[in-house]
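The two complexes that follow have subunit A in common; it is paired with subunit B in the first and with subunit C in the second.
Moving on, here comes the complex of A and B:
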């Protein structure tokens, strides 16, 4: 219910003001809520917030349950991070095209499926760009 | 694991001849794992006033935002710049007001007096105990290492260019000996007519 509360607030901003919150503003707003909750009743949820803005282009923010926020080119949370951060360190470069980025994600997913003890057969890949959010439906991801 | 050592940081400020320098590393980590090498820990509060915040990442962000808010209100009400000493007291009382549920940051204040341009540096602990020095102040997980480096390299009345070299070397070598800090560095040299920001090339490990 936490994320729906935040989501509704972001939508309310658009209704009130006529334009969407920028990704940075949405991430900062979320961060402030997490930070406030930390000392009252913490939300034990980490997040990655990705968005597209005409002004700044695409941006990705790492948030954790403490309210730590960092703008990053690529990142991962949880067990995935142990396996995938190094893959992304090696393969990432500035100005990746969408196909290259999705291929990199596929590489990461393959690695997680190989190395993690828990079997995770299906993954969803979502792409966020100037047209909005869409899901990539893929047979390639199933093992 | 202490909250002050969760994210990792190394911050140092030094006094020079009619200038101050403040420098920090850029690592943000989750204990041993590095998440970002671009994390801002030094915030420009005013034209010639800087605040360095080593400690827990979330509190770095919260404290810098809250203090900037209070400083801006002061500027609007009083219609003048806040003196570094006054700012130090403001930070100190802000932190003490959370004495029994503190923000896990140990701030470093560095700046020049708005009218006389006299340099000023100070640091404090997480509950606001201030310490004003005339040579250097250090903070973060690499503070012990920084004390060693600064004690050896610093001397009084350094010109801005020399001060940059000295503070940069102090930071780089200290953070190399600390697992939780490093991954780059940034140095701000504050003189009465300009502020120079330089990013350091450091060992990325």
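Moving on, here comes the complex of A and C:
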């Protein structure tokens, strides 16, 4: 409902202007909506927004329900963050290739599946790049 | 016939015209000339200064060129008080965009937003249209350097070179002839000075009669520079133009004398 409202606005921008919102602009727009809603009917949602832009390359943004926004090289929301941020701290290098990044994600998922009290057998990995968004179908993820 | 239908902006005439809008455009016909030229590496806006009264105190930054945001500036022709309201609106619109999207507002979107407001005043509220035409120059990452013109009807267009205000049709035909798309900023400045001098009322162009500004971009720093030329620089440009005029005049004289001589030689042979 209200989140599809945000999504439709981003699409409307593209139709109106002939070019899409850059990832940074789209994240800022979302952040402003989250911040405005905070005092009236807050969204109780945290987000990670990833996008590709011809001018600035790929970028990742951390947003939370309070209207925080930060551009980050890697991040996590929820219980996963307790287990995975340190892994990413150690293994992340600037200029990672896609395969290396996916491997790192797999490391994180494995850790979560090992340490979290809740059993989470299935994960989806999505990649956002020049060609758009695609899902990586992975047999390895199912335990 | 027109008298019956021109009283209110909100009525069409039987021929399908909006007289109030047309009258607004008429108000601009007599206003100070503004012209803009798009170059490969920047944009030039030149405006005629009408307030040359000696008693007038110096104005803040510039008289006819308004900076709208980090990457856009505009020049106006028409009723100054209307123009102030519109430039205020443009500046606010640009900031509202930055507040939401955290990046500078693309030029065309800014122009569009003002034109939507101008259109509103031709259709609703029973208020008169704004008697202002604007020339906008700006840079954004989508289309690079751009030059736009908008008029009281709310119409706008993107231009390579254009002119509004007094003598604008003469200026536009001159620009049509002399404008080259691959020109650089210096050639654009020279062209602007040339056309401006032909459209100004006075016979001689002087630095206190015209205001020239340029918009350029430093690629490495990703910074757009909007600059109003100093009096000395304008004087230099006018000097260059006059030198060029002298040169052309002398060449024409030589050409004429040569033809005379040829004619005489041909006659003598007979």
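We adopt the following convention: the second predicted complex is superposed on the first by the 143 of 143 C-alpha atoms of A that agree within 3 Å, B and C clash if a C-alpha of one lies under 4 Å from a C-alpha of the other, contacts with A are read in each partner's own complex, and residues count from 1 in each chain.
In the analysis below, contacts are C-beta pairs under 8 Å (C-beta built on N, C-alpha and C of every residue); 3 or more make two chains touch, one makes a residue touch a chain.
Note that the coordinates shown come from a computational prediction; the quantities given were computed from them, not determined experimentally.
Placing subunit B and subunit C on a common subunit A by superposition gives a fit, with no clash between them. Partner contacting the larger number of subunit A residues, of subunit B and subunit C: B. When the two complexes are overlaid on their common chain A, residue A:38 makes contact with subunit B while staying clear of subunit C. When both complexes are overlaid on chain A, the residue A:81 reaches subunit B alone and has no touch with subunit C.
Seen from the C-alpha centre of subunit A, the directions to the centres of subunit B and subunit C diverge by 60°, a value given as a multiple of 10 for the model superposed on chain A.
Once the two complexes are overlaid on the shared chain, A:55 sits against subunit C while remaining clear of subunit B.
Judged by the touch definition given at the top, the superposed model places A:24 against subunit C, while subunit B stays out of reach. In the overlay built on the shared chain, the residue A:71 is in contact with subunit B alone; subunit C does not reach it.
Between subunit B and subunit C the least C-alpha distance in the superposed model amounts to 5 Å.
Put simply, subunit A uses residues 32 to touch subunit B in one complex and subunit C in the other. Across the complex, subunit B meets subunit A through its residues 7, 28, 30, 33, 35-36, 38-39, 56-59, 61-62, 101. Those residues of subunit A that touch subunit B in the complex are listed here as 31-32, 34-35, 38-39, 62, 64, 66-72, 75, 81-82, 85. Per the touch definition, subunit C reaches subunit A in the complex via residues 99-103, 106, 108-109, 141-142. Taken together, the subunit A residues at the contact with subunit C in this complex read 17, 19, 21-22, 24-25, 28-29, 32, 55.
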